[in-house]
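After this come two complexes, each holding chain A, first together with chain B and then together with chain C.
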Partner chain A sequence: MKITIERATLLSALGHVQNVVERRNTIPILSNVLLVANGSDLSLTATDLDLTIIETVGADVSQGGATTTAAHTLHDIVRKLPDGAQIELTLSDQSRLAVVAGRSSFALPCLPKEDFPVLAEDTLPHSFSIAADELKRLIDKSRFAISTEETRYYLNGIYLHAAEAAGVPMLRAVATDGHRLAQVDCPLPDGAASMPGVIVPRKAVIEVRRLLDQVDGSVQVSLSETKIRFAFGKSVLTTKLIDGTFPDYQRVIPSGNDKILEVDRRQFAEAVDRVSTISTEKSRSIKLTLEKDKLHLSANSPDSGSADEELVVNYPGEDIEVGFNSRYLLDIASQINGDSARLDLADAVSPTILRDVADERALYVLMPMRV
Partner chain B sequence: MTIRRLPEGTVNRIAAGEVVERPASVVKELVENAIDAGATRIDISMAGAGRDLIVVADDGVGMTRDELVLAIERHATSKLPDDDLVRIEHLGFRGEALPSIGSVSRMTLSSRARGSDAAWQLQVEGGRVSGPQPASLPGGTRIEVRDLFFATPARLKFLKTDRSEAASIAEIVKRLAMANPLVGFTLREGEREVFAYLSSSGADASRDRLAAVMGRDFADNSVAVAVERDGVRLAGFAGLPTMNRGNAQAQYLFVNRRPVRDRLFTGAIRGAYQDLMSRHRHPVVALFLDLPPDAVDVNVHPAKAEVRFRDEQLVRGLIVSAVRRALAEAGHRASSTVAAEASAAFRTGSQGAFYGPAGRANGSSGLAEAAAAFQHQAPPGAQTGQHDPDGFAPASRTTEATTGSAQHYPLGAAVGQLHETYIVAQTEDGLIVVDQHAAHERLVYERMKKALLSGVARQGMLIPEVVEMDEGAVGRVLARAEELAELGLVVEPFGGGAVIVREQPALLGEVDLKGLVRDLADDLAEFDDATTLTERLNDVCSTMACHGSVRAGRRMTADEMNALLREMEATPNSGQCNHGRPTYIELQLPDIERLFGRR
Partner chain C sequence: MPESRALCRDCGTDFPTPPVERRCPFCDSPRIIEHAELEELSVAHLDCDAFYATVEKRDDPALADQPVVVGGEKRGVVMACCYIARRYGIRSAMPMRQALERCPHAVVVKPSMTKYRDAGHAVRALMQETTPKVEPISIDEAFLDMAGMRGVHGTFPARILDNLVRRIEKEIGITASIGLSYNKFLAKIASDLHKPRGFSIVGRADAVPFLTDKPVSLLWGVGPALERRLNRDGIMRVGQLREISERALVARYGTIGSRLARFAIGQDSRAVHTGEIQRSISSETTFRDDLRDGAALLDKLWPLCENVGRQLKAKRLAAGSLTLKLKTSNFKLITRSRKLARPTQFGTDLFAVAKPLLSQEVGHRKFRLIGIAVKDLLEFEDADHADLFGPTTEHVVENAVDQVRARFGNDVIKKGRTFRP
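Right after this comes the complex of A and B.
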């Protein structure tokens, strides 16, 4: 194998795939990236056995071939080479990859490409195309709620499925950590109606989101019960899905919350942020007291004192008092882009619904906190 | 095969299997009898670790000839005057001990009833009785047990080494001696006197006896516990957390003066010392629980090592709160054993470290370094102001003015900082060295814990967690649901074999609730106490406390140091860090003088 490639091209491709490679591996070859030179293309593959990214870039291939070498090392080398450098990759014998650019030359140990794990090629019966912006929105607005507690593994991802909102078919992303929940919809793409509900693991969500920055236009999604693939033009990400049952989230979204509060989103977020300065480091509790057209936020801490702030809001309902984790409130408030936010409350112990008044397609559910 | 009634001898041997397990159980039964007989001194001697010979002689009321004959019948006792098993006021009552022992050994009983002018003697050999014959005895009862287990050789094979059998005899006698300060005890092994405790009386009798049995250290480094609630009285002494052990052997509980081992007690003690020492260390305590005989059932174990309380919650609550309160009142006290170790280290420092590195290896403890550092300092005990400022923070000079007035505080006035890590303070009669990080960490932690007590914030579960467990575990957890709710964990029943968690302590953030609840169920089974949850909460506090406190290496001004000392005096449990290590050590002037050979 002998190829010449432009530094920027190689760097961006390595940048995309190397995130998949774990820093520490018990299987040595998982630290490596698979390089395959063929025709006028170089393809790079990295995997952690659950998630695989393949990216194909143009290169000047004088001799085809394939090998694997340490992904992070190669990435670091390429990153440090001067801008505009032409990089020559040569596999002289099977154990050393020569990386040469100008006066710098490196020899990297290789492992044979035959040992590189290949994800079984399954058939992915369901397939649809979705606008990159829509997919971005689904991920951005829901991923903050993904659980990190590994014992509830079935919550460690985004639940992607076909649903219906007010009679209109939707593609829906749901994430929850057991305390709060995010539900985001977009119009159902053609071909997605029959897809099974799948849980896309957090690591894949993060990588997909990273790759989405590189594309506009659309993303081709294909999936089966156990795998999902996102094709972004020159890069393709395939991941195993979380093998578990996502809880029946619709049951926990309340329908009878009749105390409706509308508040300026920015004022609200800023007030919550200010008042929460006082609440204790870990519990971060903050109290919302509502009376007609008035929202009173307060926090108390034996160490730091107390904080109070009052906002003029649109609230016709009866007086109510409810506590929340201020960090959860801020997380949700930062997902709301419109000018005003709406809170549907019931009482101090039942879930509250939060949403963007201008956006019917996203809603958030939050459990209160009690002191 | 036909069913038949077992002969008396076999019945006694079966009973002996339960009551007389090893030589120590013989000693226990006989000494308890002596105590029940109102003895004021009891002499015990043994040979061959009790296998060859056990003699227990007392000066109690004694027995008449007829009583003597009856005593070796099974279920014959003087201790249940009205056949009431609910109100048991004696140590023994089952009437099993003497016939059981008699059935497996060669036993001689001699006794002279008080007021009688004749003593009688009776022999029992493997259950066969001969006598009574007249004997000579000044008073009381003397029981001699020879060739124990000769009739049941199988049992002999299960005995441990002589050393460990002898040790367990000594342990049993010690326990009984602790509970009966008014009775004098001596234990001899052959010609050697193992120990002798004089009978003492007066207000300090109990403390004196504990000191005699458990050592002076315990008396000096424990706090008195004395409370009474609903007719239950708890008295005794709880060791300071800085005096701790590797196992729970040195935890003694006496229920109505009867030594018992009980898991409720172990759990309560663990709870009481919970954040004062590491999980792997054990405190030293001796507590006497006195409650009306009908509030406790002692008839659940043949050797009466376990008891059942009618109101377990009350007893547990009483122990935990009383010990906690006593320790909190002790405030910043750290044990003097620590200071003793320190001065020992000082000594090796002056002998070895002076001349070369060998001394370091010798002194081994980190305090040798402190000792080395001290060699640059002014002679301990000298007034401030003369010392070489080298090694002291400059603050020392500014403190001179305040020294005089602050010196009368228990932790004295700060005179300087060593290596920006330790605060040195002068008290009226000595010297204090404070580990500034450990001390401040404890202060911050205690403050957080207090805040925690005012209410644990609970985060509601949008998706409640169902935890499946066996029914016993479910029952245990649900039985304590109220207590758990106060700690922020709200659980409800969910079918037969599961609980559902509705709310969790907000402090814990996202947490493995299944694991937490299962650990709790195990805790409740083992210690009857929900320590896991409090520990988890305290762990979070302690991590935050660690980050929120003054580190080693930070230079402090005199005012800051004095403020820290004053706060330590005012804060409960400030004498040790969260792991039971001392936050400060104290060297009394006499200790210092001894170091210089002035005493």
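Right after this comes the complex of A and C.
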């Protein structure tokens, strides 16, 4: 193998694939990136056995071939080479990859390409195309709620499935950690109607989101019950899905909450942020006290004192007092882009619904805390 | 009434001057303590004597005159040893093998933690009856602040403490030593001076000369590493620290330097903190033979998680983070910590977090010890339990198992994962 490639091209491709490679690996080959030179392309593959990213870029291939070498090391080298450099990759014998640019030269140990794990090429029967912006939105507005709890591994991702909202078919992303839940819809793309509900693991969500920054236009999604693939032009990400049953989330979205509060989103977020300065590090709880057209936010901590703030709001309902984790309130408030937020409350112990008044397609549920 | 300068430890009589020949004229006891500041000092450190071993001797009088060592059999370390065993050079934390080489006829007793816990709680209850200001350090030792208790008990702190120790001996059947001083660090040093059944006093007037010739390792915060550094710099005795300015000590040793400077002149401004909840709970086990196999290590991990979960529940605490501890066959210590997504007191949750931490370390290395510790503890009532989906099956199962065990005993029901046909 002998190729010459533009530094910027190689750096961006390595940048995309190397995130998949875990810093600590018990299986040595998983630290490596697979490089395959063929025709006028170089393809780079990285995997952690669950998630694989392949990116193909143009290169001047004088001799085809393939090998694997340490992904992070190669990325670091290329990153430190001067902008505009032409990089020559040469596999002289099977155990060393020569990386040469200008006066710098490196020899990296290699492992044979045959040892690189190849994930089984499953058939992915369901396939649809989705606008990159829509997919971005689905991820951005839901991923903060993904759980990190090991015991409920089936919550460690985004549940992507076909649903209906007011009779209109939708592609829906749901994420929850048991404290809060995010549900985001977009119009159902053609071909997605028959797709099974799948749980896309957190790591894949993060990588897909990263790759989305590089694309305009659309993303081709194909999936089966066990795998999903996102094709972004020159890069393709394939991941195993979380093998579990996502809980019946509809059950926990309350329908009878009759105490409706409308509040200026920015004022609300800023007030929550200010008052939460006082709430204890451990609980982060703040108290919302509602009277007619008045919202009182307060926090108390044995160590740091107390805080109070009052907001003029639109609230016709009866007096109520409810506590929330301030960080969760802020997370949700920052997902609301419109001017006003709406909270549908029931009482101090039942879930509250939050939404953007200007956006019917996203909804958040938040569990109260005892205060 | 003249101030008392001496006290009989056996009958509690106090005297303005020490009695002739240092024997109590009332009970003929030689256990007289005397100190110029006897009536004034009010910060105490109470430390049970060879706690585990003493509890074992209490429960089996046949052991009374035997050298008793508490700990695991072949591989373990000495967790506690009685004062007879100590005469043979046995110390706690010594490998059991070495202990038995020094004293082959020592009686090795397997630890029964529940028994020690009960005794420890009983001691703590008596301390808390004596003063509300009790700062527990571990199951068998605590600081007591006796300031202001004179009015409650009608006598001075030293005598109240002496009464307390006698109650512990009588009601719980174990012995303890007291260190009495004007601050925590001196009280702690004092309690160790005349064990067992000691009562040692370091007053304001004698603190500085008392400390001068003591090795620096006696100071709180001076562990083996810092001791080596100090010794390398030629500082062996506490008195030598006084020859160096606080600023220079801080510059050389970091923030601990200013503590060293103050300790060296007998000053310690830390208050006795009460009601502070425990900082960590841990459980660990040393293997009979070193283990490499992941499945075998997991088998060892689950009982630890279950045990820590049980302690969390008993203390009504929830854990915010977990640390996995491994010791390789060549004694290299590996710790891996994780913050928990939500505070828990369930063994199943701890296991779920510890398992991936363990599997990252499993490979070619052999291990001799595995342990877990939970930190960032908070009162269970303060943990946020509200969950949109209600309790998980695992939690329901664990609660049910706990209830069955509470009624029928620990061994009647076990998780399938520990079952090997």
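Throughout what follows, the second predicted complex is superposed on the first by the 371 of 371 C-alpha atoms of A that agree within 3 Å, B and C clash if a C-alpha of one lies under 4 Å from a C-alpha of the other, contacts with A are read in each partner's own complex, and residues count from 1 in each chain.
To be clear about the criterion, a contact is a pair of C-beta atoms (placed from the backbone, for glycine too) under 8 Å apart; a residue touches a chain by one contact, two chains touch by 3 or more.
Just so it is clear, the structure is predicted and the values come from calculations on it, not from any experiment.
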{"item": "Clash-or-fit label for the pair chain B, chain C on chain A", "value": "clash"}
{"item": "Partner chain in contact with A:Thr9 - chain B first, chain C second, else both or neither", "value": "neither"}
{"item": "Contacts of A:Gly178 with chain B and chain C, given as first, second, both or neither", "value": "both"}
{"item": "Partner chain(s) touched by A:Thr26 [first = chain B, second = chain C, both, neither]", "value": "second"}
{"item": "Touched partner set for A:Ser224, first chain B, second chain C, both or neither", "value": "neither"}
{"item": "When both partners are placed on the shared chain, which of chain B and chain C touches more of chain A", "value": "B"}
{"item": "Contacts of A:Asn38 with chain B and chain C, given as first, second, both or neither", "value": "neither"}
{"item": "Contacts of A:Asn257 with chain B and chain C, given as first, second, both or neither", "value": "neither"}
{"item": "Clash-bearing segment of chain C relative to chain B, given 57-65, 327-335 or 363-371", "value": "57-65"}
{"item": "Doubly contacted chain A residues - partners chain C and chain B", "value": "147-152, 176-179, 181, 247, 252, 282-283, 325, 349, 351, 365, 367-370"}
{"item": "For the chain A and chain B complex, residues of the former touching the latter", "value": "147-152, 155, 176-181, 247, 249, 252, 280-285, 301-303, 323, 325, 349, 351, 365-371"}
{"item": "Touching residues on chain B, where the partner in the complex is chain A", "value": "447, 450-451, 454-455, 457-463, 465, 503, 506-507, 509-515, 540, 544"}
{"item": "Residue ranges of chain A touching chain C (in the complex, touch as defined)", "value": "24, 26, 147-152, 176-179, 181, 247, 252, 282-283, 325, 349, 351, 365, 367-370"}
{"item": "Residue ranges of chain C touching chain A (in the complex, touch as defined)", "value": "320, 341-342, 348-349, 352-353, 355-356, 360, 362-363, 376, 378, 382, 384, 386-389, 392, 394"}
